[in-house]
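Input: one structure, supplied below.
Chain nomenclature is as follows: A, B, C and D, assigned in order of appearance, with residue numbering initiated at 1 for each chain independently.
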């Protein structure tokens, strides 16, 4: 049986598969479908200092091979979230909290509150949510702001600090390098691409927020390219995501350079996709006689370099 | 019968529908399927000063609701292209030539050669091709270079000068404004999103070029959002494209602010999509009693502004 | 407990203009008012599953009643007996069990779908159930005969007068509410639900409404399907609903 | 002239391990070696049409022979008689008419698909046609009986020796080429085509090969399907091909 363990900074995962933030609630929602301890990690919804109400509905719309969402980071705030997070500890798998805010102070607040107890395994700093007016994505498109934010958060915790990057930029490697040099232990990419849909009968945008974030299989080619680029540019591990719906998709990301993968919208379509992907990666490794998933991280790059 | 005519600078089109560059060869390929004079315009393949060989195969790969291409602007060069273009005049519809190059000089050369005769109705300056090593997209991601390029080309022709923008940027409105202020008469958007795919059996990228350009229905939400943004930022008309496969899609782009639309990959799947979209737009207008397509350009914005 | 289950199509019948009754085989149980998410394609387009109320169910079958209205339902309508469908469910919070003996069900068009199973369940529990059915026209009173036959009382109204009272169904209900103070369970278009809720409030009747919303996950994870409650908080139609006390949401 | 045409499935037969013969009704004509593009879905995923050679055609039918190998062909294999398929064709440049009387067709596995129509057309024109059929194993010599019955000469080879000569099909051809200088038409895997072309060259026989490439448009507009010719120029498999003189491309 191939070894599926991977490391993100200090954090060791039993396998490289986790749900993507915002697509798995606070974990309990998918507990009826399988044993959550089969996940490499549980990643919870974007959490802010105070409760956020989120955007007005309509919040989601289906698009070709994907969907747009404009949830607007509805969440009960860090204090209430903390209680929910402790419930997840019984699954004996690391819990990663996605952290959001309008200002550096708000991000700091979330981490400080969660650091009071030793429940969280890692923080994923969301600098890329396209659906909130201030903060959110604006943080993620400017390398200087990214550097400032991560520099401010780094001293607050010894835990693995993951920075989640926006794909809505000219050069994602620039942001990746900024996060790495400010002390990030790992990177997550991609968050959603900004998109929209128009209702031609009502003659107005379908989403109340006008624009939303595109995810699902449609974005996979873009996500994969960015993982390929970023893993060329930094030395910290990358969690690849964007459209992963099968083990084959996950393997593409790992071959492109991702150390781990996260699955978002596919959970909505197939509630058991995460454990299926774990099993499928294992099968793939076995069929080619690899002894560890770590052997194939970035393998497609080495193939290209050898051939050319 | 509603009026379908629209203007792009000095150029008047009988209807707002045209094929997207690179998806319609030099026009003849689709002539067996319908009368090309039913098109608002014919847009031909990216044309360069000298012949370009293009990239090695494999050049295309299907993706969820879309495709990646890495053609690399294979074309016979402007002199040979000129002959093909004159063949198109018999269709009595304007011919728009997509112009590419590695340097400002090369772009200038293409226009100069085509200006020798009065065959071309408009130039679409491609500053956004992701599949060529130098030039191409690099031109399209820096507002200063865009301004310089268009400023250099503007004096060469009195014809309508369209600038085709890349979606692979943090802020597309910045590039749009740069093109407008340098004298562009219209803008085309979007070109393809940079993406990739990996063959998990061969463990290497599917495309010989490694990355390619994503197009088709998958990208429609992103394209529509960018048309919405750009038409807020500039006063020149926009040709909207990216994933349009039906009249409903085309109407979404027009409601978002596009004056005309272009259809790319959908031609490959449905060779008669262009005339079907023309007919469908007309039907839509009739069903809501609009007398002209121009009445609904940007209507979704006015709806939002009225409601909020 | 919801589960993901592959069910075989036993029968697909066209039971009215653009309305289909789909019977699926497989171990399944649900409360009235709960729903399922159904895969309409095995490819990535259409991408999301489609939510449908449980129209009927027994230990080994699940029946859905749906209107062909878009891409997904069109694909669904083409499926034939023998094909398999992936279904996730049962989902959501259905109609509550109540102690009152007199109950009124109010259906608007295809909104009748969940009320068939509810009607049968209530009657099995010994309740007297009146069925009020409204639609634009007679052909949208889908399966009216089955409700007419089963219900203890049956009333109908159409906008165009092609069947029953000409007008809206609430016009038939005012007196009964005033006199009998029944519990009301309603499903149908938003406008009808609001009218029913208003009437219920005025007559001090308890009223529950089943809502619709665009859904992605159907299990409470994405927060895509929310509606504002009376306190302005966003609640999930797929978990806290689809059935809500009318006073909570209107 | 290619056209877009909606054709009805008359028959879909499984004629071998994972191989299907699909017969479609509709006005259609083509040259041997030409191909069609077939829509495998009405949704946007899978997105592109799939290219298949004309296996046979008459004034009112088109027959395809295809191997189920991926998502698109799996969807195609599920289609039933009575369903409609959108087809674009005929496309490309097929096998040329030649003046020589002795012709050898060389098929590798499913590469036999276009050679059936070619065989019949050549025989109708009075040619003597030898059919050389190679595959890994007997079960991949799809429809071998039909070729055996029709061809003027028939030879077969399998890698595993389960049928005919054990080895590659080119091993059977050397003598004939040397003596009779036939024209060779070949379709099959790239390795086989190259071996055939090499043998043809050595024996100074004219040789035509039918190539495959990943296609988007199928009509010459996208430049997606190119292969390098001997001058290093990229030529389109969908227009200049799929049949090329072997000396042009190898």
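The rule we apply is simple: a residue touches a chain if its C-beta (ideal position, glycine included) is under 8 Å from a C-beta of that chain, and two chains touch if they have at least 3 such contacts.
Bear in mind that the values here come from a model prediction, so they are computed numbers and not experimental data.
> Please find the path from chain C to chain D through touching chains that uses the fewest steps, and give that number.
Minimum number of steps from chain C to chain D: 1.
> Which chains, if any, touch chain A and chain D both?
B, C
> Can you give the whole-Å distance between the Cα centres of chain B and chain C?
Whole-Å distance between the two chain centres: 47.
> Distance from the CA centroid of chain A to that of chain C, rounded to the nearest Å?
The separation of the two C-alpha centroids amounts to 36 Å.
> Cα centroid separation between chain A and chain B, in whole Å?
33
> At least two other chains touched by the same residue of chain C: list those residues.
44-46
> Any chance you could list the residues of chain B touching two or more other chains?
Residues 63-66, 216-218 of chain B touch two or more partner chains.
> Which of line, ring, star, complete and other names the graph you get from chains that touch?
Shape of the chain contacts: complete, all pairs touching.
> Of all residues in chain B, which touch chain D in the complex?
22-25, 29-30, 32-33, 45, 53-54, 56-67, 69, 71, 74, 216-218, 245, 265, 267-272
> If you look only at chain B, which of its residues touch chain A in the complex?
It is residues 63-66, 68, 141, 168-170, 193-198, 200, 202-205, 210-212, 214, 216-222, 224-225, 228, 243, 248, 251-252, 255-256, 284, 296, 299-300, 303-304, 307 of chain B that touch chain A.
> If you look only at chain C, which of its residues touch chain B in the complex?
Against chain B, chain C makes touches at 44-45.
> Touching residues of chain B toward chain C in the complex: what are they?
Contact set of chain B toward chain C: 64-65, 217.
> Where on chain C does chain A make contact in their complex?
Interface residues on the chain C side: 1-4, 39, 44-49, 86, 88, 213-228, 232-234.
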